[in-house]
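Same chain, two partners: chain A is paired with chain B first, then with chain C.
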Partner chain A sequence: MKQTRQRMAALIGAVTLTLSVAMPAQAVDLQFFFPVAVGGKAAETIESLTREYVSSNSDVNIEAVYAGSYQDTVTKALTAAQGGKPPQLAVILAVDMFTLIDEDLIVPFDDLLSDADKKDWIGGFYPAFMENSQTGGKTYGIPFQRSTPVLYWNKDAFAEVGLDPDTPPATWDEMVSFGEKLVKKDGDGNVVRWGVRIPSSGFPYWLFQGLTTQNGVILMNSDGNETYFDDPKVVEALQYMVDLSQKYGVMAPGIIEWGTTPKAFFEGATAMMWTTTGNLTNVRTNAPFPFGVAMLPAKERRGAPTGGGNFYIFKDSSDEQKKASVDFVKWITAPEQAAQWTIATGYVAPRPDDWETPALKAYVEDFPPALVARNQLEFAVAELSTYQNQRITTIFNDALEASITGEKAPQAALAEAQEKADRILKDYR
Partner chain B sequence: MRQVDYGSSLNLIAAWLVALLWFSPLAYALWTAIHPVAYEVRFDLTAPLTFENFIDAWAAAPFARYFLNTVILVTMILVAQFVLCTLAAYAFARFEFRGREVMFALVLVQLLVMPDILIVENYKTMRALGLVDTIVAIGLPYMASGFGIFLLRQTFKTVPKELEDAARVEGAGLFQILWRVYIPLAKPTYLAYGLVSVSYHWNNFLWPLIVTNSVETRPVTVGLSIFAAVDSGVQWSIMNAATLMTSGPLLIAFLLFQRQFVQSFMRAGIR
Partner chain C sequence: MRNTINLRLSWVNAWLLLTPAMILVIGFTHFPAVKTFWNSFFSTPRGKRPAVFTGLENYHYLLQDDIFWTVLKNNLLFSLGTVPTSVCIALAMALWVNGKLHGRGFMRMAFFTPTVLPLIAVANIWLFYYTPGFGLIDQIRSLFGLPEQNWLGNPDYALAAVIVVAIWKEAGFFMVFYLAALQSIPPNLREAAQLEGASSWYFFRRVAFPLLMPTTLFVSVNAVINSFRLVDHIFVMTEGGPNNASSLLLFYIYETAFKFWETGYAATLTVVLVVLLSIFSVGQFFLVDKRIHYR
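Now for the complex of A and B:
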C-alpha cells in the first residue's frame, strides 16, 4: 500500500511538473478538442497547424487534444463541460449544434465579432455550410471539417459494358439503367459486380438525405423543431432506394457497410459508389483503375446534404480565451491554412476565397475531381439536425434500416418515425 | 470390435467447431496483418508476407509510450484492488460489527451500476482532486471494486473456522491470520479476479479517452482508435496489425497460463 501510494505521489508530481513547465506564465491557455474521421494525415495536419500558429503568436498557448471519433469528441466535450472543465474550443459535428445550445454550452460568434467581421468573415463562407451553423439569426459554428457526398465511378467498368466512360449517370433513371448494364454475374448466377453501392450502416440518413433533396423535399425546418419524415416525397425516395436492390437488382440487398465500401469499389465489386468527398485522397491513392467523380444524380433537382464538423466556442471561458479562440479559428479557416487542410484530407475548403489560393488552384488543376464537391455546394442543403438530435436521427435511421432490410414498408416505417419524432420535438415548439 | 462412442465424438466435433468459430476473427486479423493491403479479402496461400503493416502501425502513433501507460495503469489498479478488496472482504467475512449487512448490501449495489453512467460524476471528482489527465485518474474509480470484495468475501467464508482458530492458538495476530491462512487459500480467486481485472482495464476505452488529453497518459486503446476512420474506409491491414500488437501481450500471457486460469475459474466459481 505504502509503495503504491508513493508511486502515485511520484506520478502526480511528475505529471504536474511537466504541465507547469510546458506552459509559459502569462500566455492565454486554450484547450482544443478535435475528432478525426478520415485516415491518413488528418490528426497530424491539425496538430502541425496548431503548432505553427502558437509559434508565431507567443501570447497564446493551444493544447490540441485528439478526442477520437466525432461521437467520442462530443461525449468527451459534454462530460468535461458537465464536470466543470470544458475545452475552450472544439470541432464537433455541425448537427450537434442544437444539442450544444440546448445544454447551454456554447456562445454565438456574433457576440465576439465586430460588425465588419460579421459581414466580411462570416458572410464569406459557403451558404450551404452555414445552414448547419446558424439558427435564430446567430452564428454558433464556423465550418471547418466539412464534406458532402459524391458519386465515384469506375471508368474501366463503364467502358467494358459499352457505356461512355466519361459520362456518369445524371438522373435517377440513368443510375438504374447504367446499373442494370454494369451488374455482372458469374456462371452460377452470383453477382460479382453490382451497379452501385449506397452505404447504409450506422447513419443511413445522411446519404438518404441526398435522395430526398433530389426529390425536392427537405427533412426538417431551420429551427430544428419540426421534421417531415412522412412526406409523400420522402416515402417515394425511400421506395427508390429499396427498389435499387429489390426491383432493379442493381445494388446488393440489405445493409451496406460504410467501412468496406471504398474497398469494394477498388476490388471492382461495385462499379459506382456514393460516399463522402472525405474519401477523395484515399480513392486517388488506392483505386487501381481510372475513376471519375460526379455530383449525385438528380430527380426533380440536383441535391446533397452537407456533413462534417464545425468549430464551437465554449461559454465557460474567460473573455481573453474567447477572443483568442476566435483569432485562432479565423486563422485556421483562412485561405492558406484551409488550402493545406483540403489537400491533405479531401474535405471541402469552406470559403470561396480559399479556392483562389495558388496552392488550391494548382491542386485542382492537377486533379479536377476535387472541384466536384465544391460545385455541388450550390445544390446542397443542411444536414438533418434538430433538438434532441441523437434521438431523432436514431428514430429515423431505425425506420430507414427497417425498410432497407424489408422488415417494414417505407410508408409505414416513416409514418411511425414521424410520430415518434413529433412526440419528442413538441416540447421545443 | 470397439464400440463407437457417438456422444463423445459429437462433443469433440462441436468443441472443434466452436473453437474454429472463436478463432476465425483472430485468424483473419493475422492474415491481413502479415500480407500486403491488396490481399485483404483475397485468400491466396502464395501471397507475399510482409511486416510493413506492423511498421506503419507502430509509426502512426507513439505506441511505446501508450504501452508503458497501459502497463502502469493495469498494475496500479490491480495492486490497489488486491489490497483494498482483501481488507474489506476479510472484515465482511470474519468480523461482527454493527451495520455490516447494510454496508455489504451497499457494496453489492455497486455491481448493479454500470460504470459508464458515473462518467460525469467521476470526472467532477477527478477535477476536484486535480487529477484530470493523469494515469491515476483512469484507475481511481475502479480501485474499490465491489465485485472484488464480493468474490473474496465468498472465498474467505469457505475457509474452515478451525484453521483460523489453530493459527490463533499458535499466537498469530489478525493480520498474520489474513496473510498466512486466508490469502494462500484464496490464490485461485486472486488469479481469476486478476485476469478479469487486467483484461477489462487493458481494453477499457471510453473513460480513459475522456479523462486524459495527452500522449503521456493515454493507454493503447485510445491510441488504437485513430485507425478507425470511418469516413475514408477502414484500413484493415494496418488496423489488424495494430490490434495484434496491442492485444498481443495479453494473448500470449493467456496462452501461457491457460491451464492455471481455467482451473482457477473453476475453483473460484466465476463462469
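Now for the complex of A and C:
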C-alpha cells in the first residue's frame, strides 16, 4: 500500500513536471536552421546577431540551429517537415526554392507583408539576387548569405613572366594568352605552375555557368521547368573549358578539387583561380604574395552566376510565428547587420543601401577587392535552379564531368543531359 | 489446474522477458525492412501528391537506369579490390606482429590506428595525399621526375584511389581478429612440427592457416559487408565523381533518397542492396563453412 502511494506521488510529480514543460511560454518561439559553407566566423556571427535580436525583443525567442552544410540543412529541414516538426525559418540554398515549393513547405513573403513593404523592402535588394528568390510573381526567399564567383590572380607571378601585375585578363582570349605565359615547367617538362584553375569537383555547373553567361546564353527559364543544356552556345562554352586543358594546356587536366583550390593558389601551383567571394577573407589572410581580385573575363559579355542561401519561412507555423519570422529577417538583412555579416565573411551584402553604411564604406576603402563582387552583380544572372533541382543539376554535372575528363564529347554529353532533364521536367510544364 | 496456471504464468514471464528485445528488433530492423520493401512498389510522395501504388514500375526503371548499373559494377570492383587484399594484408600483418620482434606493441598500435580514426578524418588526410601537384604522392613522384597525376579527378583512377583508402582503413581492424586467433593456436603444435622437421611455410600452410579458417570466414563476411557499407570517404573525396566513376551503391541510395528525394526509387535500390548482401553472406557461409575445421 505504502509502495502504491509512493508510486502515485511519483506519477503526479512526473505529470506536473511534464505539464510545466509543455506549458506555452509567453514569447513566440522560433526555430531557425542555418548552414555554414565557408567556415570561419560565419556561425559565430549568425549566433551573435540572433542573440542581439532576442535581447532587444523580449516577445520572441529564437533558437538558432547550426545544421551543417547547405546539403545537410535542406536534408534536415525536409526530414523534420516530413516528421511533422519543420523549423519556422531557415537559410537554404536559393536554388532549392523550387524543391521547397514542390514539397509545399514554404509560404511566399508577399502574404505576410504590407504593400509598402513589398515595394520598399523587397524592391530594395539587388535584382540579380532576387532572380533566384522569386517565381510566378511571388517572393519566396530573401537573399542573405549570397555570393558570386570572381577571379583571383597572383601579382608576383604576373610580374615574373612580364605581364602587368595590375591587369587581369578581361576576355576569354586573354585568359588563354596570359595563361600560356604563366605556365611554368621544370627540367623534366612537368608543369609546376598552371595558368588558371577552375574547380570542377562536386558541382562543376556553378563556375561553368559563368562561362555560359559570358557566352550570352542562359541555362533555364524562370519557371524552372525548361533547361537549354544542348544549346550550341552552351556546347561552345564547354568546349572552351575542355580546351583550357586539352588544347591550350593552361589548366590541369581532369576534375579539379574545390577544397584544395585556395591552397594551390597559395602554393603558387596556379597563377589564377576562379572561386567564390566567400573565400575573400581566407585569401586575404593566407596568400603569401600580393594578389588581385577581378570580375570573371568576358566573351560576348561579362557574366557570372549568383550563389548562396536565402531565408525561407515555413508554412507549418502559427501566424504569430510567421510574423515574428518576417520581423527577424527584416532586421538581420537591414544595413547595419548586413554590413557586419559581409565584413565577417566576404558574402555580398544584398542591398545597395547596405553599402552606404559607414562600417561597410570604411571596409571597402581599406580593402577595395571587396567591391568587385558587388560590381559584378550588374552582369550576374540567376544560378541554375529548376524543379527537382538536385536531380537536374546532378545530370548536368555528370555531363560536364564526362566532358572534362574526356569520356564524352561536349555535344554528345550535353544532348544526353538535356534529354534526361526533359524527361523529368515535362511533368512540371 | 494449478499446473496450467503455472505453465501460463511461465509463458507470460517468457514473453515479458523477450518483449524489450523484440520491440527493438522489430521496431528498428524488421519493420523498416518490410516497410522499405513495401515502399518500393509506390511512387514518391511530394507535397500535395500522395504516394500511389505503381507495382513494378520502380524495378522497371531500375533495369533501364544506367547509373544504377555503373554503381553496381563499381561496387563489385570495389569488393573485389578491397576484400581479398585487406584480408591478406591483415593476415600478413598479424603474422608479423605475432612473432618476436622489437617494438611489437608499437607496431600493433600503428597497424590498428587507421581503425580508430574516423573515416571522414581519414578521407580528408588522403584528399591531400592525392592532391595533384603538391600532394604527398605527387611530391614523391616528382623526385623521380614523374608528372603530376590527378588521382581523384580522372575516371580511370578515382575508384582505385578510394579502394586504397578502404584497404588502409580496414586491414588493421581485421588484423586484430587474426592476431587473437594466432595466439590461441597451442604452441605444442609448432613444437611438434619442428620436431618433425617441417619448415615454417609448411607449418603455416598445413597447420596454422587451416586453424585460422573460422577467423578467415568471419573476417571475409565482414569485409564483404563493409565493402557495401563504407561510403563515408566518398562524400569527402569524390562525391561519386567524375561522372559516377567512384560512386557506390549505398552512396547512390543516399543521393537518391536525400538529395533527389526520390524515396520510392531509393527504397527499390535498398531492396536490391539487401538482397545482394543476403546472397553474398549466405553463399559465403554455405560454400566456405564445409571446408572449415572447428576445434
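The criterion applied here is as follows: the second predicted complex is superposed on the first by the 405 of 429 C-alpha atoms of A that agree within 3 Å, B and C clash if a C-alpha of one lies under 4 Å from a C-alpha of the other, contacts with A are read in each partner's own complex, and residues count from 1 in each chain.
Just so it is clear, a contact is a pair of C-beta atoms (placed from the backbone, for glycine too) under 8 Å apart; a residue touches a chain by one contact, two chains touch by 3 or more.
Since we're looking at a predicted model, the values are computed, not measured.
Looking at the shared chain after the overlay, A:212 reaches neither chain B nor chain C.
In the superposition on chain A, A:102 contacts chain C only, with no contact to chain B. By the touch criterion defined above, A:68 lies against chain B but remains apart from chain C after alignment on the C-alpha atoms of chain A.
Shared-chain residue A:267: touches chain B and chain C both. Looking at the shared chain after the overlay, A:259 reaches both chain B and chain C.
Of the two partner chains, chain B and chain C are each touched by A:202. When the two complexes are laid over each other on chain A, chain A has residues 75, 79, 202, 259-260, 263, 267 in contact with both chain B and chain C. Contact residues of chain C toward chain A in the complex are 46-48, 67, 127-128, 131-135, 142, 145-148, 150, 152-155, 238-239, 241-245, 255, 258-262.
Residue ranges of chain B in contact with chain A, taken from their complex: 37, 40-41, 72, 76, 79-80, 83, 119-120, 123-124, 126-127, 130-136, 206, 209-210, 213-214, 216-217, 222, 225-236. By the touch criterion given at the top, residues 71, 75, 78-79, 99, 102-105, 186-192, 194, 200-202, 252-257, 259-260, 263-264, 267, 269, 388, 390-391, 394, 397-399, 401-402, 404-405, 407 of chain A touch chain C in their complex.
The touching residues of chain A, when paired with chain B in their complex, are 1, 4, 7-8, 11-12, 15-16, 18-19, 31, 36-40, 42-43, 63, 65-69, 72, 75-76, 79-80, 82-85, 147, 202, 258-263, 267, 276, 278-279, 281-282, 286, 346.
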